[in-house]
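These notes are about the structure you will find just below.
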Amino acid sequence: MTRESIPARRLIGIGVAVGSIAVALLLTALLIVAVNASPRDVFDKIWEGVGLAGGRLDMPRFSGVINFWIPLMLVCTGLLVTFTAGLWNIGVEGQMVMGAIFATWVAQEVSLPSVLLVPLEMAAAALGGALWGLLAGVLKTRGGVHEIFGGVALNNLANIFGIYLISGPWGNQGGQATPPFREEALLLPASSEFRVSLVALVMVGVAFVVVVMALRGTHWGLELKALGKSARSALLLGVPTQRNALLAMAICGLLAGIAGSIRVLFTYGNLRPLVSGGIGFLGVLVVLLTGTRALWAPIVAFFFAAIMVGSTRLNIALQLDQSLAGVVQGILVLVFILANGISARLRARRQAPAAEAASIPPKEAAHG
Amino acid sequence: MDELSRILGSVVANATPLVIASIGETITERVGVINLSLDGSITLAAMLSFVVAYSTGSAAAGLLAGMLAGMLIALLIVVASIELRQDQVAVGFVLTMLAADLAQFLGQNYTRRPGPTFPTVPVPLLAEVPFLGNFLFNHNILIYFSFLLLFATWYVMYRTRWGLALRAVGERPATAFARGTNVNRTRYLYAALGGALVGLAGASYSLAIKAGWANPPVMRGDGWIALAIVIFGGWHPVRVAFGAYLFAGLRILASTIQQTTDFPLVLVNAVPWVLMILTLLMVSSGAVDWLMRFTPRRLRWVVRLLALFGVRGQEETAASRTPGRLRRVLRNFLRSDPPGALGSTFSRE
Amino acid sequence: MSVEVRNIHKRFGPVHANNAISLHFEDGRIYGILGENGAGKSTLMKILSGFYLADSGQILVDGRAVSVASPEGAIRAGIGMLQQDPLDVGPFTVLENFIYGQPGAVRPDWDGARAQFVDLAGRLGFTISPNTLIEDLSIAQRQQLEIIRLLAFGVRLLILDEPTTGISAEQKTILFEALKRLAREDGLTVLFVSHKLEDVLELCDEVAVLRLGRLVGQAHLPVTTNALVAMMFGQELAPASRSDVVLGDSMLEVRELSLTSERVTIQGCNLSVRAGEVIGLAGLDGSGQELLTRAIVGLRRPAAGQVCVGGQDLTGKHYREYLAARVCFGAAGRLEEGLVSGLTLTEHFALVDPEQGAWIDWERARRIASEQIAHYNIYGRPESPIETLSGGNQQRVLMALMAAAPRLLVLEHPTRGLDVESSRWIWEQILARRAEGTAVVFTSADLDEIVTYSDRILVFYAGQISEVPDARRTTVDELGHLIGGQRLTKESVA
Amino acid sequence: MTRRSLVILVLLVAMLVTASGSFAQGGEEFVFGMILVGPHNDHGWSEAHYTAGQYVEEMIPGARMVYLESLNAADRPETTLEQVVEDMVSLEGAKLILTTSDEFEEDTLAVAAKYPDVTFINVSGDDALTGDAPSNLGNVMGAMEWGKEIAGCAAALATETGSIGYLGPLINAETRRLASSVYLGARYCYENYRGMDPADLTFTVTWIGFWFNIPGVTLDPTEQSNLFFDQGADVVISGIDTTEAVVVAGERAARGQAVWAIPYDYAGACAEAPEVCLGVPYFNWGPSYVQIVQSVMDGTWEQGWAWTAPYWEDLTDNSKTPVGWVNGEALSPEQAAQLDEFIAMLAESGTGDITADNIDDEGLSLGLWVGPLNLQDGTPLAAEGEIVPPRSVWYLEQLLEGMTGDSSAQ
């Protein structure tokens, strides 16, 4: 194999990054023009909605970004585990919902002082999410149902169950949400300015650090990596593949469950229909963008959160549909994936004579 | 009887987009390409079809726009896979999300408006036949097209040279190459065709079966069901279509249950998804053996019956005991193995 | 039709697979193309049949230069090649496979094709039903189908790549009869690629010998075996010495084992292997050897019976418990089963290192990787991703990854696809472990390998297992008969 | 530096570059915020509110609406009601916030306490009735029961098969009382204008599971409407926020079937298939909102809970009536005349708005809610001639006897 010079490599890297973002911004701008709006206004309003307009930080508004980032980041952390293990855990949405449901159950049924109740709620949420993740895992390892399909089905089942609880046994008159939780059942914001739950923030930090260290430094992390790259070979090298796959699903579910609990214990203060709101899917996009470079996940997740929160402002000020946020994110990830392929191809062409293979080994097909 | 005939007619109509989409995906996967983006593609195609039909006043123009959208998305996946060597599942997933959001964004000013639709065209004479009339022959043209599509796909796949090339490319590209088939070109061609059919499925929602465009889109989720049906149908167009009809039928059955019994609403809504998991469990290898182990001896014929739609487990299906031509036909019909080269890329050396 | 290749060059990276090769083939004759693994004969044939493009050189048919850019183009020029693993489509019927690739209308003439197929098959003495599924055929039958198919195209130069590997003696006889008839009666040119001297001597009119990418000799038959061997290897090979090892305790006990798969069923298999024994499993692909190898390492759950390792009953236990009982397994597909594409050598060694704790000591892992690389003479670095290594080096890594002193070493096709040097080296390693008291069970399609190294040989035929009475004195020929399903008789043993 | 890190860096720069902190403040305007649960163009519940907001802008010079649509966990996972209110108040200068859904009830309660200087109106809630609300929060709801009785009557006048389908959303007190009001109207007219035995009237309620179609989670209203017609119903009445029933009926009529539908919520809801539409009972929030905005501007607003009755003089007078009914094209002149007669009869029994102050007064009427009436399980609700107290209607516990369908989700 011929080796590229470091500067050349860096040059390509810059090209890919700048190119991806330029193309993504251009495409987005075209779409905005297509619905008769001004791209400049759109970016202005997003910026304003995030609380960064006028050169100073609007803390309450900025808190909104952090508050969305927290559950998103928990989900991303969990997804790092399943992605490392080669599992497409798009059931993470349902795992969030189950976490929210379990937390709600404790919040409604258990009467304890806040210092005991909140941890209990979160533990219940972690359990709920983990069980739901495990179920998808068991369907895959024992039943041969690919986790993408098991996940989609379980997502919908969790949502249906949630709506049933809200409109039935746990409902109040309206049927649109459960009654609000008591004050002591809630996670509270740090201050009236910085409206972020410190407990949740610390939790995200700890979860992320622990997971990244475990994936990088432990034997278990290496086992997961081997499992993700080739399940069959990992098994033959002595990795307990089924146990690890299940464990990965459970851990991801556990973190997603906690994310779900933050949605009900902090964001809303009660259980609502479709409480996961697509955060899980967004997490999948984040992890697709960062790949295994886990350290970038918090930053990318932060930008995604900022775009989302800023999009609310778009609707109020410009009457643009909130789906624009998803469009921007989707285009960015897609363009980036394609750009990666293009640069790999260019590189392969340059070293063509010796190139034994730029071929990527076929990944496991979606149908097991 | 008349009521049943009408309900079955509605089942056929409701199943039509699923039939078209899952046959489209069957074609795509049969050449070895996974188009995971169905749920988004169908939505985007439905939106574009409606908007174009609405703006031009022509349902046919809308239909073409939808097919074009589905085709372009499918081509994007194939380009990313063949030319850029990116994972089909990853690209497909991103496109699922992106297309759905794009549909909502671009369609935001076109929701809930009356637009052109494909009218019902009763088949002369046949529509008057007592039971079958309402059931099969009193529909719009897209539904008749789905019947035709089903037959044509089967015929092309199993009775023509095109079909041989199609299947060979997805099963063993090296062979296809050796026999003079251009593997990548074939993949482009049929993935585009499959994508166009997926787009057609979207159009058939917004121009016929569930006319109009709305937010949230009425067809959300059906793309995933179509993907599952392809697996359930073992990549055989006839079985796939059968799966789509079965699915639509059970969905209607579930809601009639709500009217007649005290069956909780929540369980009715859960039916499609429970069904999806169960059917996938059923066709996955090992599941049959596993079920057998836990089934009392006297009830094992049930599992065997189920296995007819599933895989050849250690307990052989009826196919192995049937000799000759029938056996071959049955076995081709019942095999549930995915195409050998599904999701992989082919290069010459 | 006469075919000539002129000054063919082909490089794969640093390997000069074909170096200035020129050959001339006349019609009606059968040519043997001889050479060890890696000599470049397959490459040459693939160039001739359009699978590879030559870097430079010419192909002439009847004196005219032709461009053979694809297999299809080659067939149009009258050249067809039968691959070692025939290029067909598993779920197709024989008839579908026969028709696929032939020019014609979109709707094929099924009946006409069926008649043509039956006619051609009958003429060549092949018996295949056009309605069978390809995946239900044996390798030999699939080869026959390919020959029929190529003939239907009007191919005048037929290339066969190692067609006798893994087919029965009976099938081989049928094949040779057909080839001879095609050459003599129809004037076909046949190129027979092999590294088996006896096959070449039996069938061919002329031979061309390749070594390390070069044409090193040509001869009209008959010639002596020794002359051919000298050309192939450049020197006479000393047969691997068979040192006598004192047999130790029983390492593997298999009792009344029954195994089923979709194709084959094994019933009531009994086997006892003692420390220091090497058991070769011979048979056609899919005759049941893999069922047994996978059952004795815990990858396949037996339907009935018992598997004990070192006196410990492990029946139905998980693969990992077998691993813990020091059973080592090397599967045939190295990158599919055994090595993790995308992990570095260091990571591989860290993964299997029993001394590593929950937190990986990367220093230690790197050190071990370096040591093993040196010890096993692996061409690679600790941080090299495993997939960048060559096949032989991958196999070395696989050996290095195996526990130090296994009780039982189970290997499938340990030298498949390796060059002579690597193969020898691998066997040195295996035999070294055997000398330390490891029991070895291996499968191979290479009967020479089985005959050379086995203390005992089990022959598999459609799930039936028979043991060769005196493995040390058996011959490749005798084994060939056995794997074809011929019962052992006193005479054949004698 | 890796490629991915660069992506992020460039993103950062891009955001910085495009940032510019200029936002203008208006002059003499009064800004009111409107928060919608669905899209502003849903031809249903949310659009009725949105058009009312436009009506306010038209009627009161200087009034400007800012709105946010689709505020729910699924569409806007990133946004809470509090953030929206904060946004509208501090960036847009809103003095009045209308939260137009039951779903916002609890959040409005909490946020109102944090913004005592801003007036809040939560539509369809009951906090001002129960006394939970802070003094800057009021409730309003149209007495749609009347409109639903008219809808039921229109259906009974049109049906030929004697079978009516009701497409219900989720099951709660509000949806039970609305479905039951339809049934009362249908039963009355089937007996009194058609001269049929009300026992022969088939009235089937199917609940889809939520206010609108959530694909994969609720039953599909299109499929449900088709099923009703397939099973022999010829009129389908929508109780959900969206217009699937009328679209399906239109499509079937195009095939030559004699079927009709009645949508809900929004005056223009018939537009998708006017030829099969018997009429639509709709909310007309405009007059109420004008009055609220005006009183807040004047500083005369007082907290209250109102269940507002129709303007009986003219149910289509959108400057007056909070609950309206507009005849559809499918209604024959004869049926229209009978319906007018029925409406006149209702008008006579009408007793005006119900408020927190008078809800428990004797003799307040909601039209046909007069005994003898039994709940679905046979429990008596009101004896012969007895008026059902409005509070019991508001908190109705079951469907009425004679209706087919579930009364609770379990």
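Lettered A, B, C and D in written order, each chain numbered from 1.
Following the convention adopted for this analysis, a residue touches a chain if its C-beta (ideal position, glycine included) is under 8 Å from a C-beta of that chain, and two chains touch if they have at least 3 such contacts.
Since this is a predicted model, take the numbers as computed values, not measurements.
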Tell me, which chains sit next to both chain C and chain D? A, B
Computing the C-alpha centre of each chain, which chain sits at the greatest distance from chain D? C
Looking at B-D and A-C, which pair shares more C-beta contacts? B-D
Just give me the whole-number Å value for how far the CA centre of chain B lies from that of chain D. 38
Chain centre separation in whole Å, for chain C relative to chain A (CA means): 47
Averaged-CA centre spacing for the pair chain B and chain A, given as whole angstrom: 29
Chain B and chain C have mean C-alpha positions lying a whole-number Å distance apart equal to 41
Pull out every residue in chain D that's touching 2 or more other chains. 70, 74-75, 171, 209, 214, 216-218, 409-410
Residues of chain B that touch two or more other chains sit at 108-109, 221, 264-266, 269, 272-273
Which positions in chain A touch two or more other chains at once? 156, 160, 163-164, 168, 340
Name the touching chain pairs, would you? A-B, A-C, A-D, B-C, B-D
State the interface residues of chain B toward chain D in the complex, per the touch definition above. 3, 6-7, 9-10, 13-14, 108-109, 111-114, 117, 119-120, 122, 138, 209-212, 214-222, 251-252, 255-256, 258-259, 262, 264-266, 268-269, 272-273
Considering only the defined contacts, which chain A positions touch chain C in the complex? 1, 217-223, 225-226, 229-230, 232-240, 354, 356, 361
Contacts from chain B onto chain C in the complex sit at residues 159-162, 164-165, 167-168, 171-172, 174-175, 177-181, 312, 314, 324-325, 328, 331-332, 335, 337, 340, 348-349
For the chain C and chain A complex, residues of the former touching the latter: 12-13, 319-320, 323, 329, 331, 335-343, 347-348, 350-352, 356-360, 387-388, 401
Provide the residue numbers of chain D that touch chain B in the complex, in ascending order. 39, 41-43, 70, 74-75, 171, 204, 206-207, 209, 212-220, 222-224, 226-227, 229-232, 242-244, 247, 250-251, 254-255, 271-273, 404-406, 409-410
